[in-house]
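Each chain carries a letter (A, B, C, D and E) given by its place in the written order, and its residues are counted from 1.
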Amino acid sequence: MGASPPVGDLRTGGSAAPGVEADVELLDVTKRFGSVVAVDRLTLRIARGAFYSLLGPSGCGKTTTLRMIAGFEDPTSGEVRIGGRSVDGVPPYRRNVNTVFQHYALFPHMDVGRNVGYGLRQRGITGAEERRRVTEALELVRLRGYEHRRAWELSGGQQQRVALARALINRPTVLLLDEPLGALDLKLRREMQLELKSLQTQVGITFVYVTHDQEEAITMSDRIVVMHDGRVLQEGSPAELYNEPRSRYVAGFLGQSNFIAGRVVEGGPSLAIATPGGLRVLARRPVGLEAPAAGAEVTVAIRPERIRLLGAAGEGAAAEANALVGRVTHATYLGDQVEHRVQVDGVGEIVARAMAPETMDAGESATPRFAPGDQVIATWQRAAALVLTE
Amino acid sequence: MGASPPVGDLRTGGSAAPGVEADVELLDVTKRFGSVVAVDRLTLRIARGAFYSLLGPSGCGKTTTLRMIAGFEDPTSGEVRIGGRSVDGVPPYRRNVNTVFQHYALFPHMDVGRNVGYGLRQRGITGAEERRRVTEALELVRLRGYEHRRAWELSGGQQQRVALARALINRPTVLLLDEPLGALDLKLRREMQLELKSLQTQVGITFVYVTHDQEEAITMSDRIVVMHDGRVLQEGSPAELYNEPRSRYVAGFLGQSNFIAGRVVEGGPSLAIATPGGLRVLARRPVGLEAPAAGAEVTVAIRPERIRLLGAAGEGAAAEANALVGRVTHATYLGDQVEHRVQVDGVGEIVARAMAPETMDAGESATPRFAPGDQVIATWQRAAALVLTE
Amino acid sequence: MSRRSRRPRAVTALLLAPTTAWYLLLLLAPLAILVIFSLGERSPVGGYLPGLSLDNYARLPTRATAFANTFALAAVSTGLCALIGYPLAYYLATRAGSKRTILLVLVVLPFLTSFLIRTYAWFTILGANGLPAVAAALGVEPKPVLLNTHLAVFVGIVYNYLSLMVFPIYVSLERLDKRLLEASKDLGAGRWATFRQVTLPLSAPGLVSGGLLVFIPMMGEYIVPALLGGGKVFFVGNALVDLFLQSRNWPFGSAMAIGLIVVVLISVTAYLRIAARGRVERETSLL
Amino acid sequence: MSRRSRRPRAVTALLLAPTTAWYLLLLLAPLAILVIFSLGERSPVGGYLPGLSLDNYARLPTRATAFANTFALAAVSTGLCALIGYPLAYYLATRAGSKRTILLVLVVLPFLTSFLIRTYAWFTILGANGLPAVAAALGVEPKPVLLNTHLAVFVGIVYNYLSLMVFPIYVSLERLDKRLLEASKDLGAGRWATFRQVTLPLSAPGLVSGGLLVFIPMMGEYIVPALLGGGKVFFVGNALVDLFLQSRNWPFGSAMAIGLIVVVLISVTAYLRIAARGRVERETSLL
Amino acid sequence: APPTGGSPTPGSPAATTPGTSPTTGATPSGDWAPPAGVSLGDTLNLTTWPNYHDQKTLDKFKDLTGVTVNVTVEGANESMLAKLQAGGTGWDVLVPTNYTFPTYAELKLLEPLELAKLPHFDASTYEKRFLEPAYQPAGSDKLYGINKDWGTTGYVINTETVKEPMTSWKDFWDKTRDAYSRKVTIHDYQLTSIGNALKYFGYSFNSVEPSELAKAEQLLLDVKPHLFAITSDYQPPMRAKDAVMAMAWTGDAVQLNRDIPTIQYVIGSEGGEIWSDFYSVVAGAPHREAAYAFIDYMAVPAVAAKDAEFHGYPLADSVATSLLPESFTKNPIIYPDEKLLTPLEFGAAVTLTDENRAELWARVKSA
């Protein structure tokens, strides 16, 4: 059942196959700043009304990509299309696109109310109507009553929310959000996430979303693209990316993974890998990738939460495959979870995660708690172990 | 065993009891901006070398607190002490305190190298020595080779790392960090967390840390204080705050909680609460708080990860207490976890979390997966249910 | 910061002490003299006899026209300089390094050649043998008269005052945060809208400073209109020269000077108030 | 932004077209005249005879002292104004609303009273019956002489030029991001260090602009030193007046004017280059 | 020298004259030698009008005495007066105009000349009317200055355009209102502009008679719209032919005529202004002896004559005049014939500073 689509994956594909109506397209776009290549031959197709997230390490080109869509940067080469038409040379104010800037860019000479109403006024919506909508937008971001504050009289998170309200109020067809909730506490962020999601689905706005909060990306996105050095590494639904990463980098970037290097000893659909330490690991290939030939050097990736630790007592398990004997080095408390680090000879450190022990009834044996020094057996099922070649 | 200290809780107390050597103290400090009360009679004692985190909703006064410690704001009333001496009137440059600003504040007229070396040059460290240390600091934040970039040629996360390096390089006795990793991706953030932690423990710097990343706060801090509206709600070790929240707000702010309103029917150590819906709930009081008398209106808080869902089949469980029958409304995929929302008549929505099902062997019954519409029984053990009166 | 605003830093104060003293002397000494004179009376041989009467002020209305003309000239000229100076400053601020340098110098250059030479150059250019002759040669009929026209006067004034307007505006535009302009455009404001709602208000300090630098000296100006305009229009400046250099009526002259200062103070403060209120209204939400 | 820097926006260009034309006329027309004159020769009765020789330029060295004096005066005066003007501007920039307004006006006020009256006021103050008399009365022995001293000259110059320096600096300080000053102090830089390393470089555009506004006109200045300094020192300005108005040797006068312009262009560009390089060095890491 | 109200700088162009000495040859000193037995020091501060002295004359003086003459140029009698009143000028010799003596004397800013120190000055050879104003109080024998030169105020016409004969102020004011409308300038100086308007009606140049002034005012208001400019700086428009007729002082007339021969000088037959400049010793002069030596030197006819060839103004000393070349003495602009001079009047201080005239002038300019 491992490969069966998880519950979360009940979403409409947000990425448009060539031909299918795409709202925003970047075709083979490159952006250079002098010698720096910020975006490198990037191609994205974002379907109308999709919630599309850009993930990637700091400096990989996310903001630059958004700036090219908004029209603040011209691609050095390649083409940006919005609503099917090329927008080369179309100034930002003629694109029905709004941006929540990573650096907020609030107008210092206007108070919060005027900042939020700015977009409306440009479209001739003023007076009572403007006031009504501004109040509405500020309520949405939990800042009702802050109309008369100046930007520099606000806390970081409050400024960010003003920037958010200022963009949302315009109900554009495309909304670019550059870490729009980054400065908010978890509680508020959750509320905002729900607000954004409902807005997006109700009004049918296309969201292009940059975030560093993985749970946020995974729970909210229809599609996620993982970028690196200005290039696309992998694109797909959150579940695909999480369950079927196609490269070490993606497996390690989105969530954590344990990596075990080895050589393929049994090819075919159900692979067997031998580690240098002489251990035998059963694993599978990510969906859609053909298996490597026997003898190929590969890496096996296993999510920490898919690794179960058994007391050395349970020798029964030791026999079966996918079981590594090791010694606990750290046991760290993560609030709702406990993380164990286990040193396994010939493999290295293995990280395992489980719900905090208090959730388990005394009676049960599942995932007992171990202290540093305990000898344990780390085991997982084949479906949890992915064979990666990149 | 529920109340027994969790693994994570093996830390030295970071908060100094009165009398004990405190490095930074705020005594009954209030800060007003016109009519706005940013910080309200706040008292904190931060022990030398502690990793002390400020948590709280946006706008609760975290930055203002740091600014008063750094010396950019004078308290409207109350006293700030550093190293035991009052710093009233001591200018920022005479306090051996450095800050990583929420807004970076990089010098636009200097390149990255000069920015990072600024603090050193003030102390007469220039030339080769400055160069060496700057390179070192930039390596620490993974920006080696960016010496000659200008601030506006950097991505958001890169700017944040420059700000971090600029403060770290000075090895101050007290370091104030205002969401120093907020703009970094998870992977890089984890690396930085380790770097910071080791630096803090090796060099023995006192960290006063503001973050919105709960896992970050919980894993790194010796002590955490939860603020709200400029006031202290609760202060303690991460585990204390997570396992023994003393108010609804803290229970809901740090991690999630299910709240069930009710009336105490059995007082004493092991409490029983009756819900309006006529259900009976067994629960305990947070450590260190005396139990409310019978008849008191209270709230029971239960962590989602401590709630187990059983198929309606397991009627056996239905009999025992702390078991609510309900119907699944959502099942959401969170990467390593699955979240179920269950509608329970007379109680409302209950949220339950478990590791993503793939971790379970086919053979096991523990936490099966349910689809929306399934009837389930939500159950937990008494130790997991806290009775809160605030 | 709060501290600074609460009590000026010791150092600033220290730095300032001499400056302030020095400046107050520079500024107030002459003013004081004027006030004293203005209360005295004219001695038979001209000049000043100590006294304490307001008669001289009572006589000011006889020079009402002069005041009116002066004010009109100053106001129009300031507007004109702003109109021409702002685009120029904007252009400078958006140029790159060395090119900008050259341009900056070009803007001040007219200041270099002494006033006299400038004016004579203008005589030659605008005089009957200058441009008009050229025009006539090109068959323009009738031969246009340029000298002693409003055009001539304003050419001269712009030439003499433009750079005072350009530089403060240039400085205020130079550090303008481009990201705010992006935000404005992102929100659908075209170039003009962005200019009106963001660039202009944010460069207001420059515009105001430039305005003061042009308006106030213009209130004392009379030579340019005299030389290029034919001196048939009476300005406070002329009146003052007549009083000090011809009828040698220092007390009345001083009274007029004071009157001028008062007019300036009133109009400028009024202007700044309005500008400020205007800005506040623009910037503050109606909610 | 990239786009703007790549090709100036159509609108800007449009806006600029008339200004530029207008301004080029204003600026270049007189220059052209000068150049033409400078190549001609003096008619026996004075004035200008068409010609095409460089003799007039060859004769320039005969006025070397004048150039030297002028340059020295301009340089020192500019420095002086900067020294006095910066703290003043800083003070203004850190004041609040209406108070600031008043101060701003006060700074320009001296510009108002016409040059003549200012100068007379100064005579009255510095003359033997003015301050010196006061000083003597207070028992200062010997009775100090103020008129026709360097002091007098610089008092006059500061009085006439200070506001040109103050305003651009004020504008550049006005929008300075206070958070950068906090950052600097946070990193252990005292007030002076912060001023030197952050405030000053960030207000450089204002300082440079102010410098140009003072230095360049000063290069043409000669009246203030003549009136308050007793006119014993010879400046290019005097030389020009003599040549144009007295010996009426327009060609040589024009050659000198051109020479002056060249000197200014060279010194200013040199200065800006140095300033710029200095800044780049300061700002760029040595790594 | 004529005062210049509206002029932008000291060094008024209105007072300028041809810049180079027309004749060459050694500068004479007559038989002058420095007074024996007095030390003159080495400097002398001379405050005078622009371009009013031949540098050769001053150099010669230095040769003879070792005294360097520092020349300070002023543009108006009023500014000289103002500065002397302020004190501390360090001036020694001043070149004031006739009408200022009452004021200077009253304020004791000049000293009565010690004639014993001026052996070369012989009052008898000077035309009386020119010397008179320097005796203060009037009629007394206290002499405050000796004549340097003198001049007149008339008007220049460019005969290229102005064909018909022009002889009177009547012609001037009438033609201004028809034939040459918008091509005429008058002084920005009430003394001469009002004075010459009074002449239209045959009143005194110095009249302060309200009824007479009223008529003059009416005339000026009537004329104003027809003027090209009200300016004391009328050389440029005359040269550029923007103006064809301009109220003018001798010096400018000479110069304009020299450069543009078609420009002629007219002295109104009704009269008008005559003026004269003097050498005086400033009270409390720091170099008093040198001052007297210099004035005595300038009193030597040969020296004065030589100097006159440079500055181009007529002399009051008949001996000196006799030493001047024909070209100079026969120039009708410089030496108009006697019958034109007789009706001319000296402008009086009271006239210049008269309240009513000042107000009148303000009203005219405000119109």
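Throughout what follows, contacts are C-beta pairs under 8 Å (C-beta built on N, C-alpha and C of every residue); 3 or more make two chains touch, one makes a residue touch a chain.
Just so it is clear, the structure is predicted and the values come from calculations on it, not from any experiment.
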By the touch rule set out at the top, what is the minimum number of steps from chain C to chain E? 1
Please find the path from chain B to chain E through touching chains that uses the fewest steps, and give that number. 2
Sort out for me whether D-E or A-C is joined by the greater number of C-beta contact pairs. A-C
Over half of the interface residue numbers used by both chain A and chain B, so same, or under half, so different? same
Interchain centroid distance [CA atoms averaged], chain B/chain C, Å: 59
Measure off the straight-line distance from the CA centroid of chain A to the CA centroid of chain B, and report it in whole Å. 22
Computed distance of Cα centres, chain E from chain A, in Å: 94
Check each residue of chain D and list the ones that touch at least two other chains. 1, 120, 124, 182, 191, 202, 241, 245
Give the residues of chain E that touch two or more other chains, as numbers and ranges in rising order. 9, 79, 82, 85
Listing for chain A: what residues touch at least two other chains? 72, 103
List the residues on chain A that touch chain B in their complex, please. 1-2, 6-9, 33, 36, 55-59, 62-63, 102-103, 153-158, 161, 178-179, 182-189, 212, 214-215, 218-219, 238-239, 242-243, 252-255, 303-306, 308, 331-338, 353-359, 361-362, 364, 366, 369, 371, 380-381, 383-384
Taking the complex as given, what residues does chain D use to touch chain C? 1, 4-5, 8-9, 11-12, 15-16, 19, 22-23, 26-27, 29-30, 33-34, 84, 87-88, 90-91, 94, 96-97, 101-102, 104-106, 108-114, 116-118, 120-122, 124-125, 155, 158-159, 162-164, 167-168, 170-172, 174-175, 178, 182, 191-192, 202, 205-206, 208-210, 212-213, 216-217, 219-222, 237, 240-241, 244-245, 253, 257, 260-261, 264-265, 268-269, 272, 276
Mind pulling up the chain D residues that touch chain E in the complex? 45-47, 120, 123-124, 126-130, 132-133, 145-148, 223, 226-227, 230-232, 241, 245-249
Chain D partner, complex, touching residues on chain B are 70-72, 91-93, 97-99, 101, 103, 105-114, 117-119, 122-123, 127, 130-131, 134-135, 147-148, 166-167, 170
Chain E contacts chain D in the complex at 9-11, 13, 16, 18-20, 50-51, 70, 72-73, 79, 82-83, 85-90, 258-259
